[in-house]
Amino acid sequence: MTQLILEQALNGLQFGLMLFLLAAGLTLVFGIMDMINLAHGSLYMAGAYLTAAATQASGSFMVGIATAMLATAVLGALVEVTLLRRLYARNHLAQVLATFALILIANEVVRMIWGAQPVLLNTPEELAGPVRIGGFLYPAYRLLIIAVGALVAGLLYLLVSRTRVGMWVRAGASNREMTEALGINVRLLFTAVFAAGAALCALAGAMLGPLLAVQVGMGESILILAFVVIVIGGIGSIRGALVGSLLVGLVDTLGRAALPSLLRTFLSSEIASNLGPALASVLIYVLMASILVWRPEGLFPARS
Amino acid sequence: MGFYTTSTPRRIAAIALLAVLVGLPWMLQAIDQSFYVSLASRMLIFALAATSLNLVIGFGGMVSFGHAAYFGIGAYCVAILAEGGIVSAAYAWPVAIAVAALLALFIGILSLRTRGVYFIMITLAFAQMVFYLVVSLKTWGGDDGLSLGHRSSFGAFDLKDDTTFYFVVLALLAFVLMALDRVAHSRFGRVIQSIRENETRMEALGYPVFSYKLVCFVIGGALAGLAGALLVNQTGLASPNLLHWMQSGTLMVMIVIGGVGSVMGGVVGAVLLMSCEEAFVEISPHWQIGLGLVLLAVVLWAPLGIAGLVGWGRERE
Amino acid sequence: MRPARHLIAAAALLVLATSAYCAEVAKTTVKVGFLSTLSGPGAGLGIDIRDGFNLAMKTLNGKLGGLPAEVIIADDQQKPEVAQQVTEKFLKKDKVDFMTGIVFSNLMLAVGPAVFANQTYYISANAGPSQYAGAECSTFYFNVASQNDGLHEAVGKYVQDKGFKNVVLVAPNYPGGTDAMSGFKRFYKGKIGEEIYTKLGQLDYAAELAQIRSLKPDAVFFFLPGGMGINFVKQFVAAGLSADTQLFAPGFAADEDIIKAVGAPMLGMFNSSNWAHDLDNAENKRFVADFQKDYGRLPSLYASLGYDAAMLMNAAVRDVKGKLDDKTAVRRALEAKRFKSVRGEFTFNTNHNPIQNYYLRVIGKDAQGRITNKTMGTIFTNHPDAYVAQCKMQ
Amino acid sequence: MSERTNDSAATLLEVRAVSKHFGGIYALNAASLAIRADEVHALIGPNGAGKTTLIHALSGALALDAGQVVFAGDDLIGRPMHERVALGLARSYQITNVFSRLSVLDNVTIAVQGRVRDWGSSFSFWKPFALDSAIIDEAHALLAEVSLGDFAMRRAAQLSHGQQRCLEVALALATRPKLVLLDEPMAGMGPDESARMVDLIESLRGSVTMLLVEHDMDAVFRLADRISVMVAGRVIASDEPDVIRADPEVRRAYLGDEI
């Protein structure tokens, strides 16, 4: 039983850390530029496809990831400079719609280049099997994801909380006018943050690609989760994004694992097996709604 | 964006459009394309759904990203009641409206405490809950949806006939549009539009802003429920996809293309978007790129939508 | 533009009038509405059916029963409402003579009523919902594939016969998933460790795999169509579960498309099918060879079903000599099924579902070193479905 | 109404030891204040003394951490903003906060329309507003009163800054308050515009009680019946202008050598 809980906790951690990679960029873009970017998921998709393509071309997963991160960052910067910049001053509805349009375009472009069927991206041979930790087996690749996720989360935290650039970013998130008044080139900062966020998306796409599926529309389902994360955490807060990610990751994984058997203890098996998965899949939305009802600006609001 | 006003040219255009729509079945019959009558019904139903969202977003200024929930729940109500043997529109449709309104009331009470982005996201979250609940519940057909064997009975009218059904839909839509036009010019309409313009000021003028927004939100949900009830009659299926967040997005796209905060915006947007879909699908499998580009162009260069471009929406700034 | 349209309208009216007067006259062309899932995660299945169907049309020189055929292909995007819209267009605008192609049962159930009410024959090349085999069976529905439960029943039988004692079942939480479980349980009588229902479209199975690990079953039966199955198998192997637990799946979760995507981890997996590319009959050899030549890959079960659907239509049109408006004659011709299937012999039961053999396949390497299915033996011979008694077709 | 009694006039608003802190900083620190019916009461003090915070708290935009507020016999604590307005407490904003995209007339009609006690609630969905001539007439009269009669059909955003400030006050007056909180009505105005605002406030004297937050000392000493001085979240003095001018503590803390 302990082993089951431990394994599920690791799974939740792995899922949560990947969500964090997506949520980190999203929350900063959201916080600093007050911009809803639905196309964030498309960058994740682009990252996964580019990784698959580069891995296939080079034969190395590492090269694939590096190429994809760089290319996606450039792509992100391009989109920011040519399009998103025009939307900062607009209302949320305009932003939602324009970036919704970007999703449609991105999906179709990917479909034109790679076709409608999922693209193959396999786990590197040496990581395809399990490793033994403690008394049980755990997939090596998932461990790698946890390690990479934790490393990036740590680096990002140091970057944002300890460095000058990080200070600008935090200042930008809590008060944009003030930051401008301090003589910081906010435009450049925006582009840089956006490109960095895109690179993190690509990393998440690359890491999750072999585990899940590299397919059109892969960005949308995870995008919604990333939004749930940053709304729970408080928009603009890296700390909030991390807490929110881990919360969503754990609640989702443990909920799916535990709810059906939990329900079975006091409901008939038939009803439990029907209701269990239903409740498990709405659990994170219940979590988000209750947090928002309790604290309408999330757990760690960046603005006061 | 001042208050919505209906100018004479606008009235004339609306009446002309109505005349064309009334004559449509005969025109289609003349060119032996009666098949398109049911497509036209579907367009009008989506026009109704978009109009209900336009009341919430365009007039009330509440950017709800979960409107598909009410649309879908209306459809499911009719299908569920039909399973239980209640097939009369006189019962089933009002129940669909009432259930959608209750859902909107519940979601509204909790969501309207939040502002801006948080509101967008919390309405989305609630809609996702409804979506996953419906998909997971086998009694409601789960992922398969719930099919409706026969269209609702509607007094002396035979809704199984596509043309009759079309006219019922058209009549309801026309009534809702007329009512929306009246509401826009009523005291309530002015209040919600003013809240859209400046919420804190309205509160400081003594308006219980929350109540007004809630009422507007609930009316929007109720109308979406009616649209859902009609749609399940048109297609014969309450599908979980009606509740999907992409459906909420599509309704938003419709009103933005048509004109946010314009009485006819939802109609213009729905008809335009769905005709483009019909036409583009024939041209290229990658037609969504075209749709995306058009949408981008509208957002960037025609923020008041088509209704705004032709001077049919609110005045330009 | 306008005169042209009038001309077309007039011509259409003329055609309508003549056809009304000469209902018994043979048609000049046969129209087939092919509706399938051609985009999205389930696209692989629809594409295989389409390619199989197209291959048959090519073999038949574009003719069905000697008449020139027009095949209208449309994508249902795996959405019931899209399927319904296209169907409406097929029936009312294009006025097709046959429909076929649907992969997913929920879409079949969504469009079925309209098709049957319109008295159009539907030849199913995959979807075999229990409703249409039982209480809601229709004279206008012919299933050339198998009733949905068939493959699951076959696996259940095999797992039972092999003496497995503790089995965990995994399926998506939707009617097709529960049907799969009940099909399996109809013939497997041992202990069920757990029935795990996942979200439809789920791609990460970490939580479920951890649960399976803690249950320590000796076999796992999973029904996860398309991409879901690909991920499940990959993650199952990565979690190190394949050492102690044998995987079983119905044929469509272990078909060539999945093997192509997963590769080596699939090796050694048992599955059931009513067709296999190495079945030894002349039609099948020709089909497999032609398919590989045209598409550069091994055909899947789906492709074979699309192929058979076209062959059945061909036989029926030929047997009624093109008089497709005589619905009873068409029905009798379809029921007679005068063509040789690539899966060997099968017949239609009274509910228009097949009575056929089910085979055991295992995934291994063939002579050329390709990873593919190998037929191991027959699980069921002339097996009918479980719902035929409920069908009250006159 | 114009009868003014100097000493024993009824207290309309009683603020008792209210506090509000943001993080560790006290914006209001046990501040107390009493405003008598029909007076013009000025609230002065250096920037950051807590004047605007107090206005926000009184109007209901901010919740207080401690203290009591009694307005015309009603306890205001915990009441939402719109209920306070219904009780007769209105405010204007320091930074112009009008409906900039609506016409000037629509700005005022929507403000007049909000008076539930006169017209009932606005949950009226069918009757065209154009038929509510009483509301429209009153709005025109009010615009004439604040010298905006000629600009009724302009979009509010097109008005000059001074005119927008007048509209701001008009919106507050349209609710027919007993007490109006004027938060720096002369902010950003030129001398001519300021003079007009002083005249406007002067003309309202006696018909409505006013709490005036203002930095323009000339205007304050011209208009105020009594003055309260706020420093660091406390009210350190509250008295008639002459007394305040002479108060050494006030001079030291705030007025300095200005006067």
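Going in written order, the chains are labelled A, B, C and D, and every chain counts its residues from 1.
Basically, a contact is a pair of C-beta atoms (placed from the backbone, for glycine too) under 8 Å apart; a residue touches a chain by one contact, two chains touch by 3 or more.
For clarity, every value in this text was computed on a predicted model and none was experimentally measured.
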Chains contacting each of chain A and chain B, listed by label: C
Greatest separation from chain D - chain, by CA centre: C
Chain pair showing more contacts of the two, A-C and B-C: A-C
Most centrally placed chain, judged by C-alpha centres: B
Distance between the centres, which are taken as Cα means, of chain C and chain B, whole angstrom: 37
CA centroid of chain C to CA centroid of chain D, Å: 76
Inter-chain centre distance, chain A versus chain D - centres from mean C-alpha coordinates, in Å: 48
Contacts with two or more other chains, residues of chain A listed in rising order: 111, 274, 277-278, 281
Touching two or more other chains - residues of chain C: 39, 173, 199
Residues within chain D bordering two or more other chains: none
Overall pattern in which the protein chains touch one another (line/ring/star/complete/other): other
Complete list of chain pairs which touch one another: A-B, A-C, B-C, B-D
Complex interface listing, chain B residues touching chain C: 30-35, 38-39, 42, 132, 135-136, 138, 141-145, 147, 149, 235-237, 239, 241-242, 285
List of chain A residues in touch with chain B within their complex: 30, 36, 83, 86-87, 90, 92-94, 96-98, 100-105, 107-109, 111-112, 220, 224, 227-228, 231, 235, 274-275, 277-278, 281-282, 285-286, 288-289, 292-293, 296-298
Chain A - residues contacting chain C, complex: 1, 3-4, 7-8, 11, 14-15, 111, 116-118, 120, 122-123, 128-130, 136-142, 211-213, 215-217, 221, 253-254, 256-257, 260, 273-274, 276-278, 281
Of all residues in chain B, those that touch chain A in their complex: 57, 63, 65, 110, 113-118, 120-122, 124-126, 128-129, 132-133, 135-139, 245-246, 249, 252-253, 256, 260, 286, 288-289, 291-293, 295-296, 298-300, 303
For the chain B and chain D complex, residues of the former touching the latter: 1-3, 182-183, 185-191, 194, 197-198, 200-209, 212, 215, 317
